[in-house]
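Right, I'll just put the structure down here and ask away after.
Chains here go by letter, A, B, C and D, matching the order in which they are written, and residues are numbered from 1 within each.
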Amino acid sequence: MKITFDNTTIDLVPTDKSYRVTLGDKTAEVEILRAKDGQLELLIDGKRLTAYVSSDGAKRWVTVNGRTFVLTKSSGARKSGGGQHHAAGELTAPMPGQIRAVNVREGDAVTKGQTLMILEAMKMEIRIQAPMDGVVKSLAVKQGQTVEREQILVVVAGQTSKV
Amino acid sequence: MKITFDNTTIDLVPTDKSYRVTLGDKTAEVEILRAKDGQLELLIDGKRLTAYVSSDGAKRWVTVNGRTFVLTKSSGARKSGGGQHHAAGELTAPMPGQIRAVNVREGDAVTKGQTLMILEAMKMEIRIQAPMDGVVKSLAVKQGQTVEREQILVVVAGQTSKV
Amino acid sequence: MFNKILVANRGEIAIRVMRACKELGIKTVAVYSDADKNALHVQYADEAVHIGAASPKESYLNADALIRAALDSKADAVHPGYGFLSENASFAAAVESAKLTFIGPSADSIRAMGDKAESKIRMKKAGVPTVPGAEGLESFSDFEKAADEIGYPILVKASAGGGGKGMRIVWDSDDLPEEVDAARREALHAFGDDRLLIEKYVADAHHIEFQVFGDKHGHLVHLFERECSVQRRHQKIIEETPSPSLTPELRKQMGEAAIKAARAVNYYNAGTIEFIFDPLLSTFYFLEMNTRLQVEHPITEHATGLDLVHWQIRIAAGEHFPYQQDQLSQRGHAIECRIYAEDPANNFLPSTGKLLQYIEPRGPGIRVDSGFRAGDEVTHFYDPMLAKLIVHGESRELAIQKMQTALRDFVVHGVVTNIDFMQAVLAHPDFADGKVSTRWIENNFNWTPPVEPPFESFIAASLADIVVPGTKSQVPGLNESDPYSPWKTPSGFRN
Amino acid sequence: MFNKILVANRGEIAIRVMRACKELGIKTVAVYSDADKNALHVQYADEAVHIGAASPKESYLNADALIRAALDSKADAVHPGYGFLSENASFAAAVESAKLTFIGPSADSIRAMGDKAESKIRMKKAGVPTVPGAEGLESFSDFEKAADEIGYPILVKASAGGGGKGMRIVWDSDDLPEEVDAARREALHAFGDDRLLIEKYVADAHHIEFQVFGDKHGHLVHLFERECSVQRRHQKIIEETPSPSLTPELRKQMGEAAIKAARAVNYYNAGTIEFIFDPLLSTFYFLEMNTRLQVEHPITEHATGLDLVHWQIRIAAGEHFPYQQDQLSQRGHAIECRIYAEDPANNFLPSTGKLLQYIEPRGPGIRVDSGFRAGDEVTHFYDPMLAKLIVHGESRELAIQKMQTALRDFVVHGVVTNIDFMQAVLAHPDFADGKVSTRWIENNFNWTPPVEPPFESFIAASLADIVVPGTKSQVPGLNESDPYSPWKTPSGFRN
């Protein structure tokens, strides 16, 4: 069977007492020694590995050898979550918080790096900056408004689309 | 509803947002703040208590205020487990192990405290001693035999029944 | 001694203080906001009082609610922890007015040191070296003039501030207006006070602070230094003691200056004198005093063998601090890493979410102070510090190795953390050489997370998706893309 | 330094040793029996080798299998831990013959000290005070005669022994035959050697031992004492340092005697000289030497600031031990409680079962060395010690308070433990006064568990039966005696 994470497809073939796992030109024989409470004890080509795996929608948090990675499952019944797939120029809130200040109006010309608005979250001020030279196409929030993570704040149209 | 542990019956009456719990002449209003992973956060007459509860057949392991108790549920669908309900004179293995030595034969007269056999478990020798003066009524095991916890080893008949 | 202490804080420090109380046989009262109903610090207390909404202003910064909670629960003392109202002189005064004991210094000491401008003037008078700068600035032209006199780069700081909030480095006069405005807003929001001061910015400076400890009978000592130069966004992330920068002679001079500074404000209880240290010139300047327990106090506890929170409580109850300066010594080497829910690859922005897994490292010489457990929610309401990982070893080299091992054993899923980033800092030759200055991360450290996750991570993720947990692996029917969801099994009572 | 170390042990000590290896950058190999396939020490290692059946004789006592495992896995050294083959001279010799390094003393040192009779003769020669007794006894009449000469009560001990196994107190000549037979059998079974010796039994004796440490270049120091007088069935359950019984003068004398004893057998690596201490006369006698790491080594680590396992490894690799005697000192007070799966109300019989819940205490100054986690099975194959709970405080009084707090936070369900018993010992005035001798529990301490569980325990048990876990309480339909079994929910992957 095949499982895809982040455009990388893993092929699992059950063998006698283990799995043959293939990723591109890499192949390993993997035996599962134990699977409990989000922990997997694996024997990968005879070498022991403790892996920690958690699931959060399509996301998989995986810790191996002391390092943690987030993989996103892209096959299967589940839809991929909200994610980062926004059009260029759509600026979203990197975290939940409150809009402290809005420095631009719709139609304003802006330059790359210009602070468009300030989001306050966890007692810090975070600048929302223009990703390119362009024009403020739409403002989705106003000062004082509370926003969720990934909520669209402002759309900047690049200069090429400024006709 | 009523629940009985070890011959003690607890009466639970659901009230508005809590339970009225009665045991004999003691009554408490108990609110459950949280119940997760074998831990209960309770508000007992307004006082917080963290209790840890585990279930093992009819047994309940309960830790409150740093002390652990084992209660046995005696009502309900479950049968009470193996338990300690042996006739007087029935000597059982206090733990799993192996019989190292048997010092008596059936029919032998024995005196209280006499070592009848020696059980070896966890690298220790444990004496199985006569609980009273009497006669060895039956020997259930022999030397070298492996025994389970609570397995009957030997039955001693008291002198009064020696007719 | 006190019968009952209310801890006017949350998270790891509330638990740390309550542990000390339990050991001293003192009952504890927790306070909690709407967001913290099920928090670990609430569970850990003997009693808990709800004090308001999730927003700090309506709960942990609400002095009236805190004092009412203390009176209602018949506590006889209040421990403020760090942050929140811990350095608020009015709160300390209000606690004492309510006939409760404030476990910390006097309101006067807090007031004297809390205003960065006033404290600098006092320190100069007391003969403690201070950084060249200007206080009491009003109009924007005042700022401009003072900055030009001192010379760029300069530092704009909140007079009332601390912890990097409301602090900005200004490299060029063009940036001054925006940065002054931003600092003012942050200062107003964080401390309710928008006064600012400016200072010469010392490049490649080390941050070295001294712990001081005094009782109410005039006895005052220092408990040696902490080197806190590993910082991001002006906030410490790694602290250690002893400092690799100090000679015994410098340690002695700075310790004496620290005591002089504390004595100038009649200080008692635990406090910290922060110095800017210039390693090229071996000079040091008074930066500010933190009139409370410090986040990084555990490394001092390991180095000196003293329990600072025990002594805070005992001193507040009027006990004498029994050790003379020459009876105190440092032993071994201690390091603390602050484990934050933040994304180092994305400008250290805080990360929020539910802790899907949370496994702390264990072992000899490893201490973890934390207020979280698996299943808890990391919210945007409060500081994103998940835990303090503290290690103690015979030498600096062994302590670093122990920290590296401990970080490998720390598993956090559900929020992004700085654990991998910490590993990269600890493995850097500059850190090994003790050459890290406060702007080193910003200027000298180019960290990027690995582009391609290793094969093992894909193996684990894919197998986890098809294995029934708690059993040996079973091959599921083929062609089913998602045959079962082991992840969705409710985690129930253990059996 | 070594590349890879095989740890020829299991449980907490295997994990303790592997942690030290990881910190020193050394790969680790675990060994395991059939019963330990999923044990924590196996999970903790870089590699693991199956060595045989559950019975110790067929696995952890199987020298050939262990050495084969070390060679097959290309380890270059073997750490024996404590127990099992750690004091077996033939094993040490076989390890070295296989061109592997034995992390411990030389086989000759082990042999000289391993035989209790021979070692006593050596110690007498070296001028170390020993207990009056007799060795080399053969026939039963030899025993009878020697015992009559020494005078009852006497102690029958296995020559090859240690840890209380094969040891019997004989109060009266009538009991001598049965006790000698029992000791012989136990000795034969535990050590494969049934030789016995007898000794004068010192009443009200304290057990005080000194840690010694030497390198392969002839440098030998002591790391101060451990008081281990709280014993049941001749086995230590609480250890502490410093000893409340010793004056500085006695500490110096005993430390010098310990070094003399170790030097007499050309000792290197970690070892422990056990003394019997008579508090009335302030006299001490050499009892035996344990030629390995001791169970209770952590309290010495806290008191001295040294990591004994690190140094065992470094010394085995040929490093010099860098500290002179006058550079070593004790700081604070450390206590260890051995948490056993045993029933103090039933003659301390071991308790076996599955750990339904297992929650270790945490906090500053608390260390837990353990090899178990929730869900693990405690079997009858191995020692029933679940964990070592170690605390470190500024003073003895504070350390006791910390231990009491930590014990309250230790939750173990599924096996009966000695936790409540430990609390009772720690709360006893004799313990507070440092007056506990090795037979105190047997003679002076009458502990019974509470007859009636408290109301709260019934409340918790009954509510747990009717509540759906993970939710707020819901009242189930009445008259159902057991509406659902929350306990039977499988504990799956977290979500």
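The criterion applied here is as follows: a contact is a pair of C-beta atoms (placed from the backbone, for glycine too) under 8 Å apart; a residue touches a chain by one contact, two chains touch by 3 or more.
Predicted, not measured: the structure shown is a model, and the values here were computed from it.
Trainee: If you tally contacting C-beta pairs, which comes out ahead, A-D or B-D? Let me know.
Mentor: Looking at contacts between chains, B-D has the larger number.
Trainee: Please identify the chain with the largest separation between its CA centroid and the CA centroid of subunit D.
Mentor: A
Trainee: Could you give the separation in Å between the centres of subunit B and subunit D, each centre being the mean of its C-alpha atoms?
Mentor: Chain centres of subunit B and subunit D, defined by C-alpha means, are spaced 29 Å apart.
Trainee: Centroid of subunit B to centroid of subunit C, CA atoms only: how many Å?
Mentor: 50
Trainee: Between subunit A and subunit B, what is the separation of their C-alpha centroids in Å?
Mentor: Here subunit A and subunit B have centroids separated by 54 Å.
Trainee: In subunit C, which residues are in touch with two or more of the other chains?
Mentor: In subunit C, the residues touching two or more other chains are 356-357, 375, 464, 469-470, 486-487, 491-495.
Trainee: Taking each residue of subunit A in turn, which ones touch at least two of the other chains?
Mentor: 35-38, 53-56
Trainee: Taking all chains into account, which pairs touch?
Mentor: Listed by label, chains in contact pair as A-C, A-D, B-C, B-D, C-D.
Trainee: Contact residues on subunit C for subunit A in the complex?
Mentor: 56, 165, 182, 185-186, 189-190, 346, 349-354, 356-357, 359, 380-384, 407-409, 411-414, 416-417, 419-420, 423, 450, 453-473, 475-476, 478-482, 485-487
Trainee: Can you tell me which positions in subunit B touch subunit D when the two form their complex?
Mentor: So the residues of subunit B touching subunit D come out as 1, 3, 5, 8, 10, 12, 14, 18-19, 21, 23, 26, 28, 30-32, 35-38, 40, 42, 44, 49, 51-56, 60-71, 73, 75-78, 94-97, 100, 115, 118, 120-126, 149.
Trainee: In their shared complex, at which residues does subunit D touch subunit A?
Mentor: 37-38, 43, 45-48, 375, 491-495
Trainee: Would you tell me which residues of subunit B are touching subunit C in their complex?
Mentor: Per the touch definition, subunit B meets subunit C at residues 33-38, 41, 47-48, 50, 53-56.
Trainee: In the complex, go through subunit D and note every residue touching subunit C.
Mentor: 16, 19, 22-25, 298, 301, 305-307, 310, 331-332, 356-357, 360, 362-365, 367-369, 374-375, 393-394, 398, 401-402, 405, 464, 469-470, 486-495
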